[in-house]
Structures are given as C-alpha cells and as structure tokens.
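First chain A sits with chain B, and in the next complex the same chain sits with chain C.
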Partner chain A sequence: MSVAELKERHIAATATVNALRERLKQKRTLLLDTDGSSSCYSHFAGYARSQGRTPVSFGPTDLVCCRILQGHTGKVYSLDWTPEKNRIVSASQDGRLIVWNALTSQKTHAIKLPCAWVMTCAFSPNGQSVACGGLDSVCSIFNLNSPVDKDGNLPVSRMLSGHKGYVSSCQYVPDEDTHLITSSGDQTCVLWDVTTGQRLSVFGGEFPSGHTADVLSVSINGSNSKMFVSGSCDATARLWDTRIASRAVRTFHGHEGDVNTVKFFPDGQRFGTGSGDGTCRLFDMRTGHQLQVYHQQHAAADGEVPHVTSIAFSISGRLLFAAYSNNDCYVWDTLVAKVVLNLRSLQNSHEGRITCLGLSADGSALCTGSWDKNLKIWAFGGDRREI
Partner chain B sequence: MASPTRSSSPVPSLPPPRPKSPPQYPDLYGKRRELLKVQMLEREIGFLEEELKSLEGLQPASRRCKEVHDFLMANPDPLIPTNRKIRRSHRFWKWLCGKSCFNFSWICCCFSGCSLRLSMPSCCNCCPSMKCWFCRWPRCHWPRCSWPSCTWPSCTWPSCTWPSCTWPRCACLRCTCPHCTCIHCHCPHCHLPTCCCCYFCCCLEKPSCGQCCTLPSLSCPDCDPCSGCTCSCPKCTKVCHCSNCTKTCCSPCYLC
Partner chain C sequence: MLSILVETMGLLCSKKQHLSEADAEENAQVDNSALAAEIERRIAQETKAEKHIQKLLLLGAGESGKSTIFKQIKLLFQTGFDEAELKSYIPVIHANVYQTIKILHDGSKEFAQNDENSSKYVLSAENKDIGEKLSEIGGRLDHPRLTKELAQDIETLWKDAAIQETYARGNELQVPDCAHYFMENLQRLSDVNYVPTKEDVLYARVRTTGVVEIQFSPVGGNKKSGEVYRLFDVGGQRNERRKWIHLFEGVTAVIFCAAISEYDQMLFEDENKNRMMETKELFDWVLKQQCFEKTSFMLFLNKFDIFEKKVLKVPLNVCEWFKDYQPVSTGKQEIEHAYEFVKKKFEELYFQSTAPDRVDRVFKIYRTTALDQKLVKKTFKLVDETLRRRNLFEAGLL
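Presenting the complex of A and B:
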C-alpha cells in the first residue's frame, strides 16, 4: 500500500472514530434519565432534589483552621497523610520534603531532595517510607528510619527510573508497601516494584494505546486496589486494571480541558475529576455515566475561568473540596451540587493558591497546601447541637 | 608559430552532460509511521464499537444516582454539623473541656507537676473524634509542661521549634522574576539552584510544553548568556515573562 493510500485510510479512520464518539455521547445522554431535563449538569442533584434533600449548612465557625504548618520556604505542591497515624508529608518548590506530626505541628523529618523540582509525594501504607517525583523523571524513595549521611541528609533508598517525562503524581497501592503507581508527562502510568526498582506494568504509551497527552494525576481505588484512575491533558480520565496493561478499561469523556486531578469516591464505585475547564465531575466507574457536573461562576474581573487544581472527598462523600487557581477553595455538597462554603472566606485562610488537598484517614481533618508556603489543617470546630 | 595540423580521422562529438535527478528512495520511515497511526486508529474504532455495544443493556443513570444517594445518607461525617444527644454524665467533662480537651485516654493527667489531678475520660463530647484537633495538651511537652500555665504557642520546651523556627536557615533572597515568588538562594550548603527556580510559576501552568521542551535544563537568563534561541515548535504558545530574559524563544525561562 502506498503512503498516499495510507494517508487516505488515516483520514477515513479519523472520521469514523469521531463519528463513533459522537454516537457514544448521544447514547450516554439518553441514559441520563434522572430529572428529565436536558441540562447536562443536574443528573444526580436532580435525583437528590426529587428526594427532598437540602444542602448542608455551615455556620461561620464550623470549619476552623486549627493548625498552621510552617517551615517550607517555597510553594507547597503536594501533600499526603499517613493511612494510620496523623502524620503528613509535604513537597515544596524549596526542594524538600517535610514530614509533620499533624497534631503537634512538629517536623519529624526534613529531607533535602537530589532534584529540587519536586511535584508529588506520597506516604507508604506502613508510614515508614515516603516517595516523591518531579521534573527529574524519577520517583525517589526514602526510608524514614535510615541513618542520615555525613551531611545530615536522609539518603535515597531506591530510585524508580524509566519514565521519559516528568513524574506528576505518585501513590502507593493501599496495603502494599512494595507497589507504587506513578503518572508522567510521557503519557503513561507505571506500576513499580519498590524493592527491586522494576517496572511491573506500563499503562499507555504509543503501544499499547492510552492517554494521548501528559498524565497529571492518579488515584487508586481504596475498595479494589487493582483498579486505578488517571487524568490527563488529553481531557479524559481513564480507568485501568493493573492486571491488564494493554488497554484502558474505560475512557471517560466530558471535560473540555486538562484533567488536573482525579480522586476515587469513598464507595469505590465512582470517582471525581477536576479540570482546567473549571468544573469538577462525578463519573460512575462501571457504567461510564457522568453523574454530575459541579460548576459555579467565580467572581473574576478578567472573565477568565479558574481551573481546578486539586480535589478531595470527605469520608462520607457528602463533601467535595475543590481548590481553584484563583485561590478559592469551594466545599461542594455533592448531593445537591451546591457550594456550601468557601475556605477562602474563613479566618486564617491561605494567602495564595491552594495546590493540594487531603483528608486524614479518619476524615476528621482536611489539610491544604498552598503557594503561600504553608500547610493548614481544618477541622470541625462548631458545637454539635445538643438535645 | 606554425598552426596545428588537423588529424585526418573525425573526432566523435560527446553528448552534452545531462545531470540525473537523484533516485527516488522509498520513504520507508514515513510509510511505517503512517501505517502505525492507521493501526492505532483502527484499534480505537474496535474499542469504541465494543463500548457502543456495551451500552445496549446498560442501566440508566438513575439507578446509579440512587446508589450514591443511599451511600451518602448512610454514612456519618465528622466534618458536617449534626444534631446529637448528650448524656448527663458527660456534661461535666464538657464543661471541663471548654478550654482544653482531655481526649487522650493514654495520657494521664495525674503527674505531680500538673495542677489538675484528673484522670481523663476516654471520650469527650466537645471533640468531633478521638483525635482532638482543638486540644492544646499535646503541644506542651509534658512532663516539662506546667499546665495550665503553659501558654501555647509560646511554649519554651527546648525541642519546640514553633513558631521561632528558622529552619532551614538559608539566607534566601527573592527571585527577580516579577511574576513569581520563588527563592533565589545563595546558601553554599543549599541545593536550591542559584537561578530562577520558577518552574511552576504563573507563567507556566504545566511543567512543560511536551512538544518542544526537553527537561530538565537548568540554564536561566540570570546566569547563562542568552543565545537568543527561537523555539520552532508551532504548538507552543508560551511566553517568558522573566524580566531578565531577552530571548525570543517561547519556552519558559528555566528551560532554554
């Protein structure tokens, strides 16, 4: 076959792909039968309204900043809680990881990184190790119990090399201290064996098919750790089965911009996304339905739509915390799709953009990290009404 | 000078030179790439047709919405205001915990240095959970703490490093880039680069344009002579805002 014929086949195949995607989109729209309206924003919320549900009501002092973790000298880019105890690891533009005791605000470790351009960090399930990655395209592992070297620095215990682009996000597989998943600017996600440093599986890349642009975020299903979701600059989220690297289980379309952040819903059957198009969305993992879009106009003098930088669900799933590039941090009532609070309006709020969010394991506290170099912990400080 | 004599046999005339066009080599590399692209698209068509088929018997979204709704209504949330009954016996502890919360049953307050000799209850109704975020107790490092006179955050316990902490003790200066607030550190022991480290600043929403920039490159107009490079990637639309940059390149300042 000649190159010219191949090019014709390429054009025809592209047209077929676009037509099939359009048919899929229309069929899915027909399956969104919740409130009978043609709005694409109100499916789940419409159902909740039909059940008579009202939004959560927060008083002005219900959610309070109870800790300020100061110590970084650069913007904070990532944070992660330990699964059991109240410790936090944070990564900053100052080229350090800090491990904090969240209750006492004490720093237990300050790790100077071999590459200052760190973008992500994560705690191992047993809390004994931390992982980080960034523009060096490597995921570095530090054992917190290792002796420091002669310069007083904690040595790298393992380097996970293989990505051909920056490491944007990393997460340990729940209950498995030896396995970790990373996402990268090379359009792939990788499952690693931390003890050997080997890549066990590569998800995406040119062959096999996967994301077609930088992958920015991963989230592993807490109820079924064989499944994880990734979000990408190709405006899609993809669901993967770690046992099948050849193709994504499902691709979720809908966003109109980069999918900057993904997070599984607490029931393990749904997941949320946050995007450069300014919306958060709730997708059903098994059916692919887009159940809800969380979108609200922000007050912006220049009319620019702020993009979503990070999301987190409360332990019940009722609250969705979403940080935006304009320094807002909305608290959404996921049931009725209403903004019930903006952390930016509270006392002691951050002075800069919030880049990362995370809930403690017991759901009693939210930690936020910001360009203002601080981390802050928020908890419920209101009176529970007594009867 | 005598003229040259002519030869008797005629000299055949040579045809004029005709330079040939270079031979047409088959563009194997281009064909192979095109074939791969077509194969990927055809594979994608297969996946999409499978997905269309799978929608045939799919439950409508309302079923899924009901599942989510029931899940949300079934589970309590420590961050959400609720109504709650309290028992009479807990009201004393609630009064006591008005200022501080004794929510750590493993810390006994019967130490002789403590003015309040009370054993703590195992739970406290003024706190949302067993790990009280509003308890000032753990900040005072007992037994040196002289509670209740310890006035955190000014605790002087030797190992307390808040808020007077000067770690990491680098004499850092501000970057000259007008758009970012990154650190320009001169500390000889610090591994921070000595140039603008705004790899993630406002002039760049994502770490790189994956099409044209190769990472990482530490040169910066602050410290390297500017070579006036031009980015040839047609898709890259970035503009360097660093005040020291004189490049026409569209790559951000830390990459060129």
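Presenting the complex of A and C:
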C-alpha cells in the first residue's frame, strides 16, 4: 500500500472516529440533567442537590492572605511546596528560582538559572533538591545543600537532556527522590532517573496513542505513583502507566481547547483539568467518564474567553481552586459545581493573573503565584482546615 | 457513587496531621534573616547589573536566516569561533551534504514518476547504484564521515543531468539553500584534515533545540562604553509559540527575519503551505501579541541575494500575497521594483496589525543577506543607532 493510500485511509478513519465521538457526546447531553445554569453538564451535581447537599459554606472570611512573598523581579510562572516542611520553591521570568520559608516568608535560596526562560519548578520528596525546566528543553536539578560558587550561585547538579521542545511541567515521583516526570512541547512525557540522567521511559512521540501536540502539564497519582495524567494542546488528557510506555491507558476527550493544567483528585480515583476553553472538568480515571464541568460566564473585558491557567484541590477534594487568565481565581464547590468565592474579591488579592497555585501538604494553606511578581499565602480559617 | 465520594473526603481529612504546628516551633527558632537579607542584596545587585543589557529576540519562520544572523553576530562582535568550535561543525556539514544529495536523488525519482517529461529526470544507468546507496546513507540518523570516495560518488551524482534538472526545480522539494555551496566544495570538505572555514559554518544547517543566546557589544572589544546586547534565538522550538512567547515580554526589540526569496517555496512541515504566506501570518501574529505592545520591531527582509536572482525568472505573483504585482522593466531596475513592492506589502501588514495605541512603537525595515558579513555589520550598526535613539527618547533626553 502506498503512502498516499495510507494517508487517505487514515483521514477517513479519523473522520469516522470524530463522527462517532460527536454522536456519543450528543447522546450523553440528552441523558443528563439540565437546569439551565452552570452545572447543566453533569448528573453528578444534580444528584448532589437532589440528595439535599447544599453548597459548602465557604466565604471571604474563610481564606485570608497571611503572607506576601516578594523578591522576584519578573512574572512568577510556577511554584511547588515541599511534601513535609513548609517551604516553597518558585520560578520566575527573571530567570531565578527562589526557595522560601513559608512560615517566616524569608528566602533561603535564590538560584540564578543558566537559561532564564523557565516555565516550571518542583521540590524533591526529601526537600533537598529542586528541579526546573523551560525553553532550554532541559530539566535542571539543583541540590540545595551544595556549596555555592563565588557569585553565590548554586551549581547545577544534573541536567536531564533529551527533550526536543520546551519543558512545560515537571514533578518528582512521590517518595522517590531519584525519579521525575517531565512534560514537553515536543509532545512527549519522560520518566527520568535523576542519578544517571537517563530517560527510563518516553510516553508518546513515536509510539501511537501519544499526544499530538505540546504537552503542558503532568500530575502523578498520589495514591498510586505508577499512574500519571498529562494535559495537552491537543485538547485531551491522557492517563499513563509508567510500566507501559508504548501506549496511553486512556484518552480523555471533552475539552474544546488546550488542556493547560491537570491535577489528581486527593483520592486518586479522579482528576481535574483546566483549559483554554475556560472550563475545568472532573474525569473518572478508570471509566474515562467526564463527571463534571465547572463553567461560569466571566465578565469578559474584550470578548475573549478567559482560559484556566492552574488548578488545585483542597485536601478533601470538596473545593477546587482555579486561576484564570483574566485575574479571577474561583473557588468551586466540586460537588454542586458552584463558585463559592473569587480570590480576586479578597483583600490583598493579586494585581495580575495567577499562573500557579498549590496547597501545602497539610492542606491548611494555599499559595498563589502571579504575573504581578509576587506569591501570596492564604490560610484557611481555624475550623475550615479540614476542607 | 456520590456517597462514596463524600465519605472518602472525610477519611482523607482525618488521615493528615497538622504538621504546621510542629513546624512552626522549629522554624521560629531558626532565624534566617541574615541569610535572607544577603539573598535580597545579591538579587538587587544582579538586577542592577543587568538593567542596561538590551534583550533582542530573533523570530521568524524556519529557514528564514535567524541562525545565520546569530552566527554572524557571534563572528562580528564576539571572539568568533575557535578551532575546536569550527571542528565541531564537521558532523553537521557532512550531514548537510548527505541530506542534500538524498533530497535531490529522491526528488529526481519522484519527478521521473509523475512528470510528463519524465526521461530528463531519470538517472543515467551507471549512477543508479550510487544514487540508491547515497539515498540510504542520507536517511540515517548518524552519518559516516565524508571520505574521498564518498565525496567522489556524490560529485558524480551531482553532475548527472537528471540531478541538475531536479535541482532546477529545487523550490518544489526541500532543497536547502546551502546545497550549491557544499556541492561545489566537496573536495575540500572531504579532506582528511578538513577544518571548516567561517563561511562553511555560516552555511551549515542544524536544528538547535531550545534557546541559544549571546551577549555582545557592537562598539568593539576595547571600548567600555556603548550598549550591551543579549541576543536570543528560539528557532529550535517547533511547537506552539503562544505557550512561551509571553516569557519575552519586556525585550527591547524583536528582530523578525523574513526570507523574501521563499515566495515560490512550500513549508518543510506542510508541503501544501506557501512559505511566504506562513511568514506573513507569523509576522501578523507576533505584531498583535500583547507582550510586544511596547517592543521595537526590526524587520530583516533576508536572502536578498537569492531573491535578486530568482525574481527575474519566477514572477512574484506565484505567491497569493503578491498576486497584484506587475513587472515594469528588466534587470536591476526590475529587481529594485520587485523589492520595493515586497517591502511595501510588509509595511501595509505592519500598520494593519498594529492597534492605534501602539503606533508610536519603533518599526524599521532592513534589506539583508545574512551570509554577507559586511552587510550584517552595517545593518546592525543601524539597528544599534535606532535603539539608542529610542532609549534616549524614553529617558526624556531627546
């Protein structure tokens, strides 16, 4: 069979799949509850309400800005908490990583990066190292205990090279200081051995069922670290098993724009996504079903739909924090799919869009990073910690 | 299912301890304020030292000449390439040779199959085997060093009438611009002691991943005064620019390279898309980006040397954007006329894509041939003047 013939067949097959998908989508919509408001996409929330679940009570006094971390001279792009002690690492357009003590808001390290164009950073499980990556297509590792050079800079202790495009996101495998997963503009995710610098597995790329556009985000399942999910410009999220690099376990459709961010739900059975289509969604990992869509009309200044930049779940999963490109930061009640708070309306809110957010390990505080060059820490009021 | 979910939420909460209290005590005891102050001092110092460095971003479609400009700047204003660096280009240059002859060989077969005058694209019998062998080598990821024997084979094939006919239609294939240059220098390139010349390096085509940057001062190594520039080439990223372009907010200027000789060529990534149309769309997109609201734009209309040879043979209006072009004369006059037409098109595009509130952003057009060192040097001096004038203007001194 010639290349041209194969191409034609491929196009025809893709058209068939898309048509089937469209029919499935229409059937599903018909079967769901509709009440005309923001939750019209899922029976999940309808069931919640029918069982008498009222929206969680969570208001402006339940989240208070208790720390402002100032020091970056450029937009903040990424942040990560340590798994245990309350430290935060942040990455900025100023070409630096800064490590902060979240309680005292003091800086403990400032690392001037060899390549200023950094897009992501992460703490190792033992808190001794930080990883970062960006336009240089490399994931660099810094050991925080290394002696600094004469300019006061930490030397790179390991460079993970191999990606053919920017490194958009990186995360250490929980409890494994030697393994790390990256996502890249080259359409692949890679599992690395940090000690040798080797690529242990490549997810996507030459193999079928990989993403067909830039991969923007990864999230490793906290309950089963062999599974991770990735989000991409191809509008899908894909589930991977690190033991099987040759194909994705499942592909999740539904979004109509770039999937900018993915995050596992605390129980590891579901995961959330945030997209350029302005919605967040909740998917069931095993069945592949879209359980919920979180969508609300924003006040659109220029008629453009604000896209979701970053999401995080509260420790119980009852709350979903979602930051948008128009400076909003909604707190969603995940069960009834209603917005209960907009961080923008609080005192000391950011003056620019929030690009990253994350909960501390014990869930008692939320950190946000913004294009206004600052990070802010928000504490949950006393009795709201369990949420 | 929902009830299970709610129960799980409860379980999750009770499992986690509140580490924050224990930590608070521990952290309160360790006062790092001296360290923190030292860090802040260092950040302030570094920021101050960098303030006067002007950042320049090279943008443009693939093969528009960005990397060549980058190499030229390195040759002109830095210490250039030392012998080790020059030698590091040998594998790249040899790879370019193999890739080129493969494209030509495979192209001749394609034309022989599909074209009406197929016989002129059929290789002579004695060269068929050589052709197959070279095509196989060219398709590998790792290429053997170019030996005298292989160079001889390549030269033989290059001189085959079918290959020359194919080369004449090189714009329909992806024949790189360095083809002719390397084919004419095969003997030298295959020499056992070959050390690439600066010109060889300028012609060499390599896809970099990531970002390359150089810092330089155009006034010259001895003078302490004058501007300091940092030039970035992000050419190696073959992905969604919109996902990282905002990292470059605040750069002093964008140097946009457009290869004006490409009006009759198709993209490497998509053989149905005209390269000039791609450049037009990219330029339009870059101009509209919010992060470049206040950024100066230096448009380099590049590859003029190829343009001036082509435009008399291939009419401009094969490209949709230039479809209203009418030639007026011949020879040098015609070339100038054609160039002015293209320049005007870009100017119109600039003003169409620039919102009223950005109209006072600096915009200059330069005719360049990236391979011509003198011209690049002259062009850059003009760019430097423009940017310095703008700085004085911004500072309220003009």
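In this text, the second predicted complex is superposed on the first by the 343 of 387 C-alpha atoms of A that agree within 3 Å, B and C clash if a C-alpha of one lies under 4 Å from a C-alpha of the other, contacts with A are read in each partner's own complex, and residues count from 1 in each chain.
The rule is simple: contacts are C-beta pairs under 8 Å (C-beta built on N, C-alpha and C of every residue); 3 or more make two chains touch, one makes a residue touch a chain.
Bear in mind that the values here come from a model prediction, so they are computed numbers and not experimental data.
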First, second, both or neither for A:Asp267, with chain B first and chain C second: both
Touched partner set for A:Thr178, first chain B, second chain C, both or neither: neither
Touching partner for A:Ser246 - first (chain B), second (chain C), both, neither: neither
Partner chain(s) touched by A:Glu84 [first = chain B, second = chain C, both, neither]: second
Chain B versus chain C as contact partner of A:Lys7, first or second or both or neither: first
Chain B versus chain C as contact partner of A:Asp362, first or second or both or neither: both
Touched partner set for A:Thr54, first chain B, second chain C, both or neither: neither
Touched partner set for A:Ser137, first chain B, second chain C, both or neither: both
Residues of chain A touched, compared between chain B and chain C (which is higher): B
Contacts of A:Arg21 with chain B and chain C, given as first, second, both or neither: first
Footprint overlap on chain A, where chain B in one structure and chain C in the other make contact: 44, 47-48, 51, 53, 71, 73-75, 77, 86, 93-94, 96, 103-104, 106-107, 110, 112, 115, 117, 119, 135-137, 165-166, 168, 185, 213-214, 216, 233, 258, 266-267, 269, 315-318, 335, 360, 362-365, 385-387
Touching residues on chain C, where the partner in the complex is chain A: 2-3, 5-6, 8-10, 12-13, 16-20, 23-24, 27-28, 31-33, 35-36, 38-40, 42-43, 46-47, 209-211, 234, 236-240, 243-244, 246-247, 249-250
Residues of chain A touching chain B in the complex: 1-3, 6-7, 9-10, 13-14, 16-17, 20-21, 23-24, 27-28, 31-34, 43-44, 47-48, 51, 53, 56-59, 62-64, 66-67, 70-71, 73-75, 77, 86, 93-96, 103-107, 110, 112-117, 119, 135-137, 165-166, 168, 185, 206-207, 209, 213-214, 216, 233, 247, 250, 258, 265-267, 269-270, 276, 282, 284, 287-289, 291, 307, 314-319, 325, 334-335, 352, 360, 362-366, 371, 377, 379-387
Touching residues on chain A, where the partner in the complex is chain C: 44, 47-48, 51, 53, 71, 73-75, 77, 84-86, 93-94, 96, 98, 101, 103-104, 106-110, 112, 115, 117, 119, 134-138, 152, 163-166, 168, 185-187, 213-214, 216, 233, 258, 266-267, 269, 315-318, 335, 360-365, 385-387
Contact set on chain B toward chain A in their complex: 27, 30-31, 34-38, 40-45, 47-49, 51-52, 55, 58-62, 64-69, 71-72, 75-86, 125-126, 128-129, 131, 133-134, 138-139, 159-163, 165, 167-168, 170, 172, 181-183, 191-193, 197, 199-200, 205-208, 210, 215-216
